[in-house]
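Report on the following structure.
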Amino acid sequence: MDYFSILGVIVALAAIIGGNALEGGHIDALLNGPALVIVFGGTIGAILLQTPMSIFIHAMRQAGSVFVPPKHKIQPAIKKMVKWSNVARKEGLLGLESIAEKESDLFVRKGMQLLVDGSEPEVIRAIMDVELESAEHHDLQAAKMFESMGGYSPTIGIIGAVMGLIHVMQNLADPSKLGAGIATAFVATIYGVGLANLFLLPFGNKLKTLALTKSHYREMIIEALFQLPKVKTREISNPSYRDI
Amino acid sequence: MDYFSILGVIVALAAIIGGNALEGGHIDALLNGPALVIVFGGTIGAILLQTPMSIFIHAMRQAGSVFVPPKHKIQPAIKKMVKWSNVARKEGLLGLESIAEKESDLFVRKGMQLLVDGSEPEVIRAIMDVELESAEHHDLQAAKMFESMGGYSPTIGIIGAVMGLIHVMQNLADPSKLGAGIATAFVATIYGVGLANLFLLPFGNKLKTLALTKSHYREMIIEALFQLPKVKTREISNPSYRDI
Amino acid sequence: MDYFSILGVIVALAAIIGGNALEGGHIDALLNGPALVIVFGGTIGAILLQTPMSIFIHAMRQAGSVFVPPKHKIQPAIKKMVKWSNVARKEGLLGLESIAEKESDLFVRKGMQLLVDGSEPEVIRAIMDVELESAEHHDLQAAKMFESMGGYSPTIGIIGAVMGLIHVMQNLADPSKLGAGIATAFVATIYGVGLANLFLLPFGNKLKTLALTKSHYREMIIEALFQLPKVKTREISNPSYRDI
Amino acid sequence: MDYFSILGVIVALAAIIGGNALEGGHIDALLNGPALVIVFGGTIGAILLQTPMSIFIHAMRQAGSVFVPPKHKIQPAIKKMVKWSNVARKEGLLGLESIAEKESDLFVRKGMQLLVDGSEPEVIRAIMDVELESAEHHDLQAAKMFESMGGYSPTIGIIGAVMGLIHVMQNLADPSKLGAGIATAFVATIYGVGLANLFLLPFGNKLKTLALTKSHYREMIIEALFQLPKVKTREISNPSYRDI
Amino acid sequence: MDYFSILGVIVALAAIIGGNALEGGHIDALLNGPALVIVFGGTIGAILLQTPMSIFIHAMRQAGSVFVPPKHKIQPAIKKMVKWSNVARKEGLLGLESIAEKESDLFVRKGMQLLVDGSEPEVIRAIMDVELESAEHHDLQAAKMFESMGGYSPTIGIIGAVMGLIHVMQNLADPSKLGAGIATAFVATIYGVGLANLFLLPFGNKLKTLALTKSHYREMIIEALFQLPKVKTREISNPSYRDI
């Protein structure tokens, strides 16, 4: 669980609602049905039109990993691989088979199975690289979907605001409705800008970072897996790879 | 048929029109002839000036594939190629000729014909790579055309809005026209921003994704076609390529 | 002659002027001397400061090719080269000399002359590649000049608008001047945004496309010229290169 | 200590506060509690949601280096390495061990230790390159965090401004509150734009420059360390590397 | 002297001031002390915070070359090198020593000295390439500094404008000050936008072009210097390199 992300959501909402309260405003002034329909509906409509279904579903699944990110720590992985290396020396590559079956990370398991099967190192590397790139591409498209939504929502907020102003203009003869009407119109702006800057864009950027961290981790896995036997002990125990 | 895309259009329009209705506005307030002429005409004029005719026509044809995207599924393609591989082993490369003639994907058919003709693998790969890149370049330019239109339409909406305001300013002496005039002016803003964010930019982004998916698929085809005989059975039945 | 480009200009102007007329506005309202001086003068001043003279002159010359684009068709070029190839086989490379002298495309002629002179293929390719890249770089800088102008003109339009508003503010005591003054100020916005989005940015983008099409054509020329003798007949008559 | 950076902060604050004073404004007009809560809270919330904790902590640590940048001077480093080179010639690689232990730059020390341990030059280069890239990636992510904050703060300032305007609109019946209310609303705009342009974006850009300068320095270290024995004296005493 | 650049400054200023005069405005309306302090001070403060001192000083020096650009003409350079080539053939490489000492371009001189000293061609190329890249990086950072300033100044202009509006709002009770106050506020917008679009961005872009032209020239120098002896006479007298 990434308490940092949850803290971010709480701090942002507290700042907006708290700032409003400090000014003497009611939270009612920030709630507005039509603005909600326009900004959320419009943003979702645009992204449904833009995104193939498989990416949309993947992005929805990835959204959870903003709060519960997968673990990709280099150090424990290297320890595991040093262990495997010892097993391989003692029992041969076939000795790794039972370990591979217990491995929960499907990517690592696949690499080990290829190794156990006796595939050529170059073939293994090529296969694992394609796997890595294909998954990274998929993850980055999910991240980009949130980024695109963060691009659409403020402009759709402007549509809502302008529609609100049109409504106000048609009631100019009745000045008592003027202020409240404009206020209503402005809420759409807040929804559009707030949705983008407090949720969608941070989501997109976080997913991008997580995708690149996963790839970085996997590159190290591929590299470490095949360089391991060639590298001296001191270098292994003092690895260059840092967790990012 | 991509029902997701159609859903996107419906959701977006329902959100805008429904939001307007919830606010108590009439849909009439969103219909405005001069704004329509300025925003659509200006955007089309700018893009006709910018785009060579061959790209414009290609983009118009591609537009349909947003709702009816071509199928580029890796798994069935690999199954087909495993079948071909068996035919080739039994009947030799010439046995593929009749299969190639029935193949509906012109790209795949071309690759098979080159194979049947006995061209060198390196020559085939070079020819197919040029074909892939040339088509991808063409498709991306079509996608970029919609992206450019999505860049022009909001600014041309601003031209329409400012022209409307000029008109209003010239009738300041007659306050009764004030509100309606400004409302008219604002509709151009909605058209410009809405056209871009609910249609043109999602179109452009979807076409870009489809073009890259096609290239990804074709890369796999090229790769699989020529690696197939060298790869072990287990690797084929457990392929790294995923559909994106 | 590219009638498409001319159509684009006509459609855009008709939309703006027609939309204005439909609203009941006079075209006089869109004509304003000071706005013209500020937006055009400021944009030209900025670009003169930014652009070395040689690029400015090249860009001005290129501007014409938006309406009269050069022809870079792959198919006729390949036919020509097949013909040359036959001449070379019958009469030797020296037989190409008289053909080279009649060639109107200086780039192609240069390649043929190097061939006739008996330069090494690698040297010819290196020389032609430098030529291609140097010309492409030059053409893209011309395209970028229009793009930069399209970036400056809307912001200089804002300068004009704000200057107009200052003028209006100084005459607040005289309300009769208010509306007309603001209208005047807004025309600068229209000039700035319209100049950029209806002319400068489409110009820049079209020149960019033309430059890349020329380079694509020239790459094919270089490739085809030297691969020609090695490629089988069927591949030549069924070429992968498409016109973009 | 980078007095230049401190001067930058002082000049910027003096310009804003001084300009306000010259206009006859009180600094009180620029202080506003709710605006502070909204803009700072919102920006921090967004960045907490976006950034993994390890990058956030690294970025906070890096922030200090804007004012106290690390020293990465090429010339003294080359002098040091020439000295080492002489030691190595006289006492062999093991003679470097005591020098390595005193080296304060951990990156340089690691390179020397690998050298002393007798690792292959190619292995050393590969390890040091990974170290360099990993650290650069980490530093650039810290820089990007400030850049992202500089993207969020102005838009969150707009949220604050619009919320202020809503508040004003609800008190339209009481004109005496009108001016003060709008003023309050505008302070959020100033906070958002000022925070971004006077602090966050310059911070981000400076950290980016420092990260690239460090990498440039380290590339030179790697290159110089291993090219040193092969290069003639004159070239060393007249090095191409300049401090950037 | 680049009269084109000076013309650009004159045209831009004449357009702004002339357009203002045509509208019937006084130049006094464009002069405003507090706006000047805020926009210039804020922009300079931000850039001092962002830029390491060595780059700031380099950028200030480069600024002059916008009006007095260095000469990097390919044709005379090639003539010089043909001459050297003849000297080298007659008198040997040592015969170039006296010519090298008279060479005013330090980059060219360094290349010749390395040649005279008998360094390996590959070593010379590597050293000269590092020199080229290091200088280009340095020059591009200077160009980017002006580009960054051009990004800060309009937003700091907005700070000035909003501060002006706050001041106006606090004097709403006194309507006579309203117009003049708003006018004062708007001048900050003009300063911010004008400074960026008429000076800083064109400066940055010009310096970028000059830096790339210098690198292009130097690449040709390196290439020509070492390819010269191998290339046939006809190719030299008909060089592909064009001045950009």
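For the reader, a short list of remarks on this structure follows.
A, B, C, D and E label the chains in the order they appear, each numbered from 1.
FYI, a residue touches a chain if its C-beta (ideal position, glycine included) is under 8 Å from a C-beta of that chain, and two chains touch if they have at least 3 such contacts.
All values reported here derive from a predicted model rather than from experimental measurement.
Common neighbours of chain A and chain E (chains touching each): D. For the pair chain B and chain D, chains touching both partners: A. Separation between the centroids of chain C and chain D, computed from CA atoms only, is 40 Å. Here the spacing of chain A and chain D, counted between their Cα centres, is 25 Å. Multi-chain contact residues of chain A (touching two or more other chains): none found. Think of the chains as beads on a loop: from chain A toward chain D, the beads read A, D, E, C, B. The part of chain B that touches chain C in the complex is made up of residues 33-35, 37-38, 40-42, 44-56, 114, 117, 119, 123, 127-128, 130-131, 134-135, 137-138, 141, 148, 151-152, 155-156, 158-160, 162-167, 169-173, 184. Chain E meets chain C in the complex at residues 2, 4-5, 7-16, 18-20, 22-25, 29-30, 66, 69, 154, 178-180, 182-183, 186-187, 189-190, 193-194, 196-199, 201-203, 205-206, 209-210, 213, 216, 231-232, 234-235, 240-244.
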